[in-house]
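By letter and in written order, the chains are A, B, C, D and E; residue numbering begins at 1 in each of them.
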Amino acid sequence: MRDLVVRIGDRVIASVPELDVAAGECVALVGESGSGKTTTLLSTLGLVHGADVRGRIMVGDVDVLTASPARLREIRGSRAALVMQSPQAALNPTMRLGTLMSRALARHGVKGADARERAEEGVRAVLLDPEILRRYPHQVSGGQAQRFAIALALALGAQVVLADEPTSALDVTVQAEVVAVLRRLRDERGLAVLLVSHDLALVSTIADRVVVMRDGAVVESGSAAEVFARPSDPYTRELIAAVPELPEAVPAPPEPADLHEGEGP
Amino acid sequence: MPRYLIRRLGQAVLVVAGVIVLTFAIMRLVPGDPAVAYAGPKATAAELAQARQRFGLDDPLPVQLWNYVRDLLGGDWGTSLHTRQPVRDDLLQAFPASLELVGAALIIALVVGIPLGIAAARYKGRLPDLSVRLSSMLAVSVPVFWLALALQTVFASGLGWLPVAGEYDASLDRTSPLHLFTNITAVDALITGNWPILTSTLAHLVLPALVIAAYPAGVVAQMTRAALIDESARDHARLERALGFGETAVLTRFALRPALNPVLSLIALVFAYSIVNGFLVEAVFNWPGLGRYAADSIRSLDTPAIAGVTLLVAVLYVVANLAVDLLQGVVDPRVRAR
Amino acid sequence: SGGQVRGAADSGPQPGSSAGSAGGTADNTFVYVPNLDVVTDWDPASSYSNENIAMENIYESLTRYNPQAKKAEPRLAASWTSSSDGKQWTFKLREGAKFHTGKPVDAAAAKAAIERTMKEGQGAAYIWGAVKKIEAKDATTLEFTLKYPAPLDLIASAGYASYVYDTTAASGDLKKWFGEGHDAGSGPYTIDSWQKGKETELTLKAFDGYWGGWDGQHYKKIAYRVTPELTTAWQLLQRGEVSFVQRLNAQLFAQAGSTDTVQTSQTPSFQNLLVLFNTAAGPLEDVKLRQALQKAIDYDGLVAAMKGAGVAASGLVPEGLLGNIPGSTPKQDLAGAEALLKEAGYGPGGKQLDLTLTYAQGDADQELLVTLLSSALDKLNVKLSAKPLQWTTQWDQGKAKDPSKRQDIFVMYWFPDYADAYSWFINVFHGEKDVQFNLSYLKDAAIDKEIDELPALTATDKAAAEKAYADLQNTIINEQAAVAVPYVQNYQRAYAKSIQGYVDNPAYPNVVFVYDLKPGA
Amino acid sequence: MTLLAAEGVTLAYGATAVVHDVTLAVDEGGVGLIGESGSGKTTLARALLGLMRPRSGVVRYGAGDLARLGRAGRAEFRRAVQPVFQDGSEALDPRMTAGASITEALTTHHRMSGAERRDRVAALLADVGLDPALAARRPHEMSGGQRQRVAIARALAVEPRLLVLDEPTSALDVTVQARILDLLERLAAEHGLGYLLITHNLGVVGRLCRTSSVLFAGRVVESGPTRELLTRPAHPYTRALRDAVPRLGGEPPRAAGRTEAAAAATGCPFRLRCPLAVDRCREATPQAREVEGRKVACHRAEEVLHTPASSAPRVPHGGETPDAPRQ
Amino acid sequence: MTAPALTTLRRTPLRRLAGVDRLAVAGAVLLGVVVLAALLAPWIAPYPGDGGSATHPLEALLPPSGAHWFGTDQVGRDVFSRVLFGARTSLLIAVAVLAVSGVAGVVLGVVAGYAGGWARDVIMRVTDIFLAFPALLLSLALAVVLQPSVTTVIVAIAVTWWPWYARLTASVAASVATRGFVDSARCLGVPAPLIVLRHVLPNSLTPVLVQLSLDGGGVILTAAALSYLGLGAHEPTSEWGLMVQQGQSLFTTDWWVVTFPGLAILVTAFSFNVLGEGLRARLSR
């Protein structure tokens, strides 16, 4: 994905001069509520309605704004997939997860045994039992639902996951689990992740690059390490300062050696 | 599910009990002495007293109520004053025809209303939407008795496309008599393969069913539209779009099922409403249903018959509600979990 | 209810019958359209309601009234004689007549039937009130001895309670047997199917053993198709689905007159509208108020608005019957009415007078009367609360034991049970122990006495009878103001063009003697 | 001094108990109540506010039982204890202006002249850092932060001694949240207020509360000095919570075992999610006991305290051990 | 962040109107016309007397013409004048029914919704029972018991209508009662009746008001149906349902007698529906 430029409407809801997400990279969009994060994310898939979207949005080699509606529907799901904020609400309540999965696969031309295989593989990749495909949304937990949404993306072969505050409705313990899955997929499969969040602490632990937005405009962007270490914009500084700190564990427990090897912001 | 079911059943029984009490109360308010009506105008004082005793009219009200309930449960719904038949038999006779009419109307309403609702939701805010909204509002605003006259005059007597009135061409009774099983003419004709009567019945059904369908079709279209718009604005619809499904597919393949739930819960209400609308329409089309029976009993202040119809329709409503609740469980797995 | 069959089980599908074509004439069935349920009582002894349109085709009485000749003609009785004092009547029965049960119609059977009817004492059984004794002299000779002189040949032609039927038809309770839809008549048709509440409530089929025989053209079946809406009935007739419509409104009747496929007949009837005022209780106890109401009715307007469905009445007795008093047609007089109201303390500026009125549900002409009357009264500060009811209900309310539950004004049609003016007086204005048809609740010994003398006078001295009738009408209408008579109905029938030989017989209101008709082409 | 306390309180909606046998005291310093969503925090708060009757146990106000207070006692309780709810727009009647809402609080317990009222409203608004002109606005005309401050001003209007703060900032932006927390800190210090702070944000408790309790599935699993709890958790659940909190620039958070597992109905409620669960945990419900300066309900608390985090819950790794789904 | 919120303050009344659903405006205008017709009937009707007790049997059933726009009826009354006067009857019934049942339903509903517990159970079960009778059916049964009149119609319909408002209000009030500001008022020590009056009631009313305007059409249809069955208004009152019933058998010959009152019912019910629908659309946004 290259050269993502978004300008919207007469009232500018989101204006992002430049935003690239490379394979295996996690880019985080941060900023206060209403700053245009979701809008930016959705315009990537041409899903912003009732607004005037200008600029150039490329998903792979497809220009979202000039592509035909059919072509656009083609890339949705198969190239870039969405993971939304509230896990259960994002799933159709009257449909077994497997039904949704197979319909989505069929939509992109995968059917029959092939589809079953892809579905189970996707589900396993997010550490779920394929049995979950037989359940309805209200029978799964928030974390499971969120992981299933990621599994959908994997099964469809999406190279980029667009995650809109995927964990803000979850408890911290569950959040950790979803984030771990995302990280692992990024590392192991080279999945690109565009993550929207307002939790700077969370972002700091996962994102490679950070884009800070305010009132529809980008105020700062750069590598995560840089932005957190030396925020240049006053607003970014305020954001960082507002993160409540836990009292440090004294003494800090030694890190287990077999986990989280070789990663970090 | 079973516990939920039991609770619903309990509620339904409670409501039916209330309905019986209320019906009883209304009946006791009706002017005129049932004993006089029964004993006849020339009854002597002794005969009157006997009639009073027979009807238990001298008992205290709670006892009368108890007797009434006991009779009802025992299948004795009283004797109609104007047909002089047991009310229960009258109702059994008239109800299938009403069911046939209202059933046909509801089928029309669903077949017309749901696609219109979908179309309106699909083109929300555009011309198709506006026209569906306006026409559905017209449909729920039209006085049925007037619509019945208008359609009959235009399509039956004016253009001659459809039969004027009646349940089927009566001369068919002689050329191809109908074996009755369910007492619903169309159904019986279908299962016995009586094609002349079936086609005749269907032709006769069209106009009255259309008239009765106007209201439910309007309601269903409005409700489908509203529920679909609601549903398609939900998060899950956004996900479905993001999976590459087009707007129409999102509406019909995904949003429709959860959206059907509110539509379904309307059906019970609309069903009862339509039966009552039959009171206004059946006479015009000479349809031998509950509506005509009710209208006749009302005009003749036939208390047992009025009570019978009232009870029957109210109980039907409760049962329909129950059925709809069960159906909702089929449509929406969340309900099953309750 | 599995396995029940609707329609005639015995006449399976007939080859060549064109399904869906003009129901009725094509397959030799006469389809009659009544606007109300047909049968309320199958017992020929007590039947006193709409079912007469069927009963007259199933049952026969000794004589039948001929409106052209204005006298009774033979039916089951081939001839009859009476003694000069009018108290002894001998009927000679037709030979070869059979009941549908297979039994022959003989004098003993006729005696049994009439005696049972008298004993039951219901409906119009009063018509036999003069009879002291019936004897079956031989198989065909039936002799009546009367308590007082009475026109028994006319009485025997009555539309109700005059039927001769087989009293031995049932092994058990005869009334119950009738109630199940059986008949025991001797007429040309017998019950084929009867389903209360169905659109085609009743069908009759030809009785093969009818004494008249079935040579020549006759309808073999009669169907009664209940159709409450006039418009619907008219449309059915127009499309040829039915043969005969009992009643249309004036507008539809006019349309029918100019429709090719339909013929019409308009006949003056013996049926007039009575507006009965409650003389016994309530505000109308005051005769001034009753007179005011008489004056408030817009007689001319009503007849005009009816457009031919009725003619102005002159007194209680319709034209064509002994006792009719020509030239006493009433007129509206609002000023007079207002003055009378004022005298009684009501009227504009006075107290508001609240009155209740009951009339027949669905009768357009009565509705017109109600509209005009309530409008006129509204101007006079009288509020009329009019309730349309089905007959039985209206009647029950009129007969309520508790006078306070009765209406102030009772609107109904009256026609004689046999062609004689006596019926109006004895039934409607004679004092009664229990209210039956005296729905003005008039109770006046002098009037009763005069009424009681009428039959004898009619049988003996026509001129005196004429005068007695005139006096009575003056007393009842003008002095007592117990009733207003706005119009006499014209029967307006519409029926299929193909039907030949239809004659409206006002003595049998709404009855079509189907046997007498020719189906035509 | 203890102002308000729950003693062995069990709370239920209909037949289902959602809070079991909880004992908790609120005194003048800040007290924190931590727990995941649905653990019963709000329910407990409602009981403490007298909005809900305990099925068993008592809520004590001062020396008396809250359920048995007389008219006067109740009025006094109402004046002394005030809530601040999660969402400011919820706590304010959408049809009332900010001024009217605050005035309602003022006049419920005191008679006041119009001028007095206006002055007090202005003063209260200023107190929470708002422009007094805001008094004329309705909730939908204000930002979330402003609404929350009006709600706080309203609570302060009756000059309470104790605030029950039910997730007062979770609906707000991080920056706004920080400002509100500052305000609370300041007010508590200035007015000598006691407060119960309910949250699932450990950072917030760490900053504002001297002591805290951790709720899991309606049971207090650990309580004691906040600092102790957060630095050296004695209950595996507390530990999981703490480890799962992402830290700015810190390590990626760790997930705590099978997070979708439900609370166990018998034995230790946490055992299905607990990496340290042993047979005993299934057999006996652990009772709260004193362990190194805190109360903890865990059979293996000592081990948790003294084991290094290496044996702490792990993120299940790789596709080879998919979670057994449980319903 | 506060900027978008602030704009609502600066809205002028005109702008606010422009923001209202166009359907609602259309409905309101249409209904306004009907209301005006009702109010001004005695002045704008060409034959005001015909709206009441005048009759002209000699001019019966004249087709529409310059003198009688909608023709004349069976007794020669001007149908146009009667349709205008009929608007008074219909609107009177609608307003009275909605007022009576609305107030009764809202009061009971708020009590049920706020109090909860057994009070709610009792009230809701009673409403369930009434709801099991379709409105027209129970009205019919009642109208049979009572003397036919406009008052009877009002009473009969109101009896069947209140449970809808009770149920609606109860559910809204129950959800309002769980909202923070109600708890917050309770915590302030505001007495329960005041809480209901000040907080619960005002915040529960909007959906009821929308429902009321939607129901206007239903009431008018039911009232017309009752009169059509002869259980409502009676002569010489101008009432549309009654007019249709009396002209029914004239439809094929003298269409105007039935057509215009029928259209009047349709238009009035339609305008209520459009207004209500518009308000509902506005509310749900």
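One rule holds for everything that comes next: contacts are C-beta pairs under 8 Å (C-beta built on N, C-alpha and C of every residue); 3 or more make two chains touch, one makes a residue touch a chain.
Protein identities per chain, from UniProt: A = ABC transporter domain-containing protein; B = Peptide ABC transporter permease; D = ABC transporter ATP-binding protein; E = Cytochrome c550.
From a predicted model like this one, the values you see are computed outputs, not experimental measurements.
Visitor: If you average the Cα atoms per chain, which one ends up farthest from chain A?
Guide: Greatest centre separation from chain A goes to chain C.
Visitor: Please indicate the chain closest to the centre of the assembly, with centres calculated from CA atoms only.
Guide: Looking at where each chain's C-alpha mean falls, the closest to the middle is B.
Visitor: When the C-alpha atoms of chain A and chain D are each averaged to a single point, how far apart are the two points in Å?
Guide: Chain centroid spacing, chain A to chain D, equals 31 Å.
Visitor: How many angstrom lie between the centres of chain A and chain C, each centre taken as the mean Cα position?
Guide: Distance between chain centres, rounded to whole Å: 89 Å.
Visitor: Whole-Å distance, chain C centre to chain E centre, using C-alpha means?
Guide: Centre-to-centre distance between chain C and chain E: 45 Å.
Visitor: Return the distance between the CA-based centres of chain B and chain C, expressed in whole Å.
Guide: Their C-alpha centroids are separated by 38 Å.
Visitor: Two or more other chains in contact with one residue: find those residues in chain C.
Guide: Residues 229, 231, 235, 361, 388 of chain C each touch two or more of the other chains.
Visitor: Among the residues of chain D, which are close enough to touch at least two other chains?
Guide: In chain D, no residue touches at least two other chains, as defined above.
Visitor: For chain A, what residues touch not just one other chain but two or more?
Guide: As it turns out, chain A has residues touching two or more other chains at 32-33, 139.
Visitor: Which part of chain A faces chain D closely enough to touch in the complex?
Guide: Against chain D, the touching part of chain A is residues 32-33, 124-125, 127-129, 131-132, 135, 139-141, 143-144, 171-177, 179-180, 183, 198-202, 204-206, 228-229, 238-250, 253-260, 263-265.
Visitor: Which residues of chain E touch chain D in the complex?
Guide: The contact residues of chain E facing chain D are 1-2, 5-6, 8-9, 179-181, 183-190, 198-199, 202-203.
Visitor: Which of the residues in chain E end up touching chain C in this complex?
Guide: Against chain C, chain E makes touches at 52-58, 60-61, 74-76, 147-149, 230, 234-236, 246, 248-254.
Visitor: Can you list the residues on chain B that touch chain E in the complex?
Guide: 11, 14-16, 18-19, 22-23, 26, 29-31, 133-134, 137-138, 140-146, 149-150, 153, 157, 222, 226, 272-273, 275-277, 279-280, 294-295, 298-299, 301, 306, 309-310, 313-315, 317-318
Visitor: Under the stated contact criterion, what part of chain C meets chain B in this complex?
Guide: 1-9, 11-14, 17, 19-21, 23-24, 26-27, 29, 31, 37, 40-41, 122, 193, 195-200, 203, 221, 223, 225-229, 231-232, 235-236, 238-239, 241, 361-362, 388-390, 392-393, 395-397, 399-401, 405, 434-436
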